[in-house]
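The following blocks contain the structures, represented as structure tokens.
Next come two complexes built around chain A: one with chain B, the other with chain C.
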Partner chain A sequence: MRRALLLALRDLRLEVRDRAGLLSVLAFFGVMLFIMALALGPEEAPLRRAAPGVLWVALAFASTLLSTRAFALEVEDGTLDDLLLVPGGKEWVYFGKLLFQMLLLLPLSALAFLMAAGLFYLPLEKALPILLTLALGTLGYASVATFYAGLLARLRGREVLLPLLLFSLVVPVVLSAVRATAGLVEGLPLSEVASWWQLLAVFDVVYLTASALLFPVVMEG
Partner chain B sequence: MLLRLEAISKRFGRDWVLRDLSFALDRGEVVALLGPNGSGKTTLLRLMAGLLKPTRGRVERGGRVLFLPNPPAFHRHLTAREHLLYDLAFHGGRGDWRGALVRFGLPENLPLAAFSSGMKKRLALARLILLGPDLWLLDEPETALDGEGRELLLKVLQEARQGAGVVLATHDRALAAQVADRTLELGVA
Partner chain C sequence: MLKATVSDRPDLFTWAFLGLGLLLLPLGLYLALSAPPDVNQGYLARIMYLHVPGAWLGYLAFFVTFLYSLLYLFRQDPRYDRVALASAEIGLVFMGLALVTGMLWARPTWGVYWTWEPRLTTTAILFAVYVGYFLLRGAIEDPELRRKAAAAVGILGFINVPISYMSVKWWRSLHQTQSIDLTTGKIHMAPEMLQALLFNLLVFTLLYLGFVRLRALVAALEARKEEA
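After this line comes the complex of A and B, so read on.
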């Protein structure tokens, strides 16, 4: 796992120095939330009602862009072969790429929540449970996105194929995450929201395990 | 035996690039792959590395492999020092990266985007020396190197011979005659 951590930190360094990928995700994210707020506002009730869906659409697209980016860093520079020739299993590459995305997605989720709190009247006092939901949801989403991004890394048209393959598989994660977020926004007791969290945690474990097991097979195939 | 290929064939779509090729390599051997463009030299190196799977036949490897593509692949936003340190960490090595950079006349802290093709080739050779694989697979290692760089390449190949096996693809028959124990000539399929 030390190699996975180093790979994630190296990718983070590359991304910060390159800037283009990170800035495009941030710009997309901000513009989308802002346009949706303008389209649905200015009344508080419809904005609040739409907030969970808008938030998760923005996070899902950001995660898809970042997962493509995680492997584009290797494909653009031709260095993917070097990673695959490191002796031993290839799981560390998967975990490194996933960790890289989570290191960007978690702060991005926090930023998204703050922006949504301002634009969509999300309750700031629910920050902790909403952030927990965002963390569980983005982990499940990114675990599948990383797997498919690796599978498609060398193909032309990967940016088109990735969402097509990905979205059908992550529907349960997105649905659970939206329902949990909506429950918190509507003021449901935490005991009722907890069942969605449990479901999200189960999806996370299943997707993470299956992706980590299959990743070396598809990369060596 | 460091590397054994048993009757391998490789097809891309309908086109056969290699057919029924058998080959073996021992430690201490240097073999040059010769042949015109499109004869399958790079494909063969990638099959030897395990980066491609043969359509037919078997490949057996008996040690750690490094493949030097042409042009060499590096992250343009990293410096030579950072690249070598990450490589060492991923491969679990503890070599003298600073000594390697000095030996190959390379700056530590210049981003690789500013490196010339020859400097990148030198860095690739430094990386090979530092990581010390058992099997060296080199795709046209002499291209882009100046006279001094070529001398360094000859020395590196002599050092590799001490315990590893080397397969190099080249168009330079003089280099092949100078360094290789034997040659393998590929024709266009």
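After this line comes the complex of A and C, so read on.
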């Protein structure tokens, strides 16, 4: 696990130094929110109702820009094979990359929440439960995204293919995350929202274990 | 790589499944159309004899895809991948049948063709996942990477099957719960209806087996041509 942490921190350092990737994701997200806020009209009620959906759709689309980056540098520099050749298991590569993705996605989604809160009247006093939903949702998303980014790492045209694949698989995650967020925004009691959290957690666990188990198998050869 | 000789023609089993399925299909339809009407829905309920077997075979086909995808990943034998492919394709057809008959059934009973309630939504997602499976297969040139990536979708995508199946129980849903509940083994259905339903299920299963064998053979011939 130490190795996974080192890998994640190294990737994070590279990503933060580069900045272009992170900034483009943020900018893309911001533009998307603006367009949707304009499209859905100036009245408060429709904006408020659309907010959970908009937040998650924008987040899901913007995150695809990040997910290809998980393995892009390794392939560019030809270091992917070196990583995979390190003796003793390959799961840690997956976990390292996943951790890297999460370290990027968590602050990003918190920022995204603040931006969406400003434009779409999301209730800021519900910030904590919404952040929990964001964390659960991004974990499910990132576990599949990282897996596919690794699988398709050596493929040309992966930037196009990855979102295509990813979306069909993460739809259940996004769906339950949207429902949980919507429940929170509508002011449902936490006990009712909790069932969506449970479902999200189940997706997270299943996707995470399945991806971690399959990753070494598909990365061989 | 292992080289198994591929026969150009479907074998006896394939013909037997297909022939028997096609022969019994009219009989199944006759049973379905002569089954007693439902207390609440009248003759409308007869669409069930297509809808339920279609959905079941869809689930079953995706389960087979899941199984053979796993086998492929651990054994690396392309034959497993071909069965997974064949099953996913036939499963998509059966799932499509279940969706279409479901919509035709929904219109007179619920008043709309489509509504975003849990069962329909999860089934639509399931359908989308396996459409994605074929988009992926079409998009990757390298055969080995294609098989691996497809197997991964076949495995990860399968998680939607139990969710779709259980969705009517987990959420208060518009779609009715199972009349034949596989999780508890309880059956809520008149014996005549059950008979007709099970017979249609058998017919569909025969057709499924025949089609999958045929499709896997076609895939094998395609692979041989690709290699040559």
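What we mean here is this: the second predicted complex is superposed on the first by the 220 of 221 C-alpha atoms of A that agree within 3 Å, B and C clash if a C-alpha of one lies under 4 Å from a C-alpha of the other, contacts with A are read in each partner's own complex, and residues count from 1 in each chain.
Methods note: a contact is a pair of C-beta atoms (placed from the backbone, for glycine too) under 8 Å apart; a residue touches a chain by one contact, two chains touch by 3 or more.
What you are looking at is a predicted structure, and each value in this text was computed from that prediction instead of being measured.
Chemist: Mind checking the superposed model to see whether chain B and chain C fit together on chain A or clash?
Modeler: fit
Chemist: Just checking: does A:V144 make contact with chain B only, chain C only, both, or neither of them? Give me first, second, both or neither.
Modeler: In the superposition, A:V144 contacts chain C only.
Chemist: Which partner chains sit in contact with A:L38 here, chain B, chain C, both or neither? Use first/second/both/neither.
Modeler: A:L38: touches no partner chain.
Chemist: For A:L190, is the partner it touches chain B (first), chain C (second), both, or none of the two (neither)?
Modeler: Once the two structures are laid over each other on A, A:L190 reaches no partner at all.
Chemist: Once the shared chain is lined up, is A:L124 touching chain B (first), chain C (second), both, or neither of them?
Modeler: neither
Chemist: For A:L7 in the superposed arrangement: first (chain B), second (chain C), both or neither?
Modeler: Once the two structures are laid over each other on A, A:L7 reaches chain B alone.
Chemist: Look at the superposition and give the distance in whole angstrom between the closest pair of CA atoms, one from chain B and one from chain C.
Modeler: Superposition on chain A places chain B and chain C at a least C-alpha distance of 6 Å.
Chemist: For chain A, which residues lie in the overlap of the chain B contacts and the chain C contacts?
Modeler: Common interface on chain A, chain B vs chain C: 221.
Chemist: Which residues of chain B touch chain A in their complex?
Modeler: Interface residues on chain B, with respect to chain A: 49-51, 53, 64-67, 69, 73-78, 82, 86-87, 89-91.
Chemist: If we count contacts the way the header does, which residues on chain A are in touch with chain B in the complex?
Modeler: 2-3, 6-7, 10, 13-14, 17-18, 73, 77-79, 81-87, 220-221
Chemist: Within the complex, which stretch of chain C touches chain A?
Modeler: 73-74, 121-122, 125, 128-129, 131-132, 135-136, 139-140, 142, 144-145, 148-149, 151-153, 155-157, 159-160, 163
Chemist: Residue numbers of chain A touching chain C in their complex, please.
Modeler: 144, 147-148, 151-152, 154-155, 157, 160-161, 164-165, 167-169, 171-172, 175, 203, 206-207, 210-211, 214, 217-218, 221
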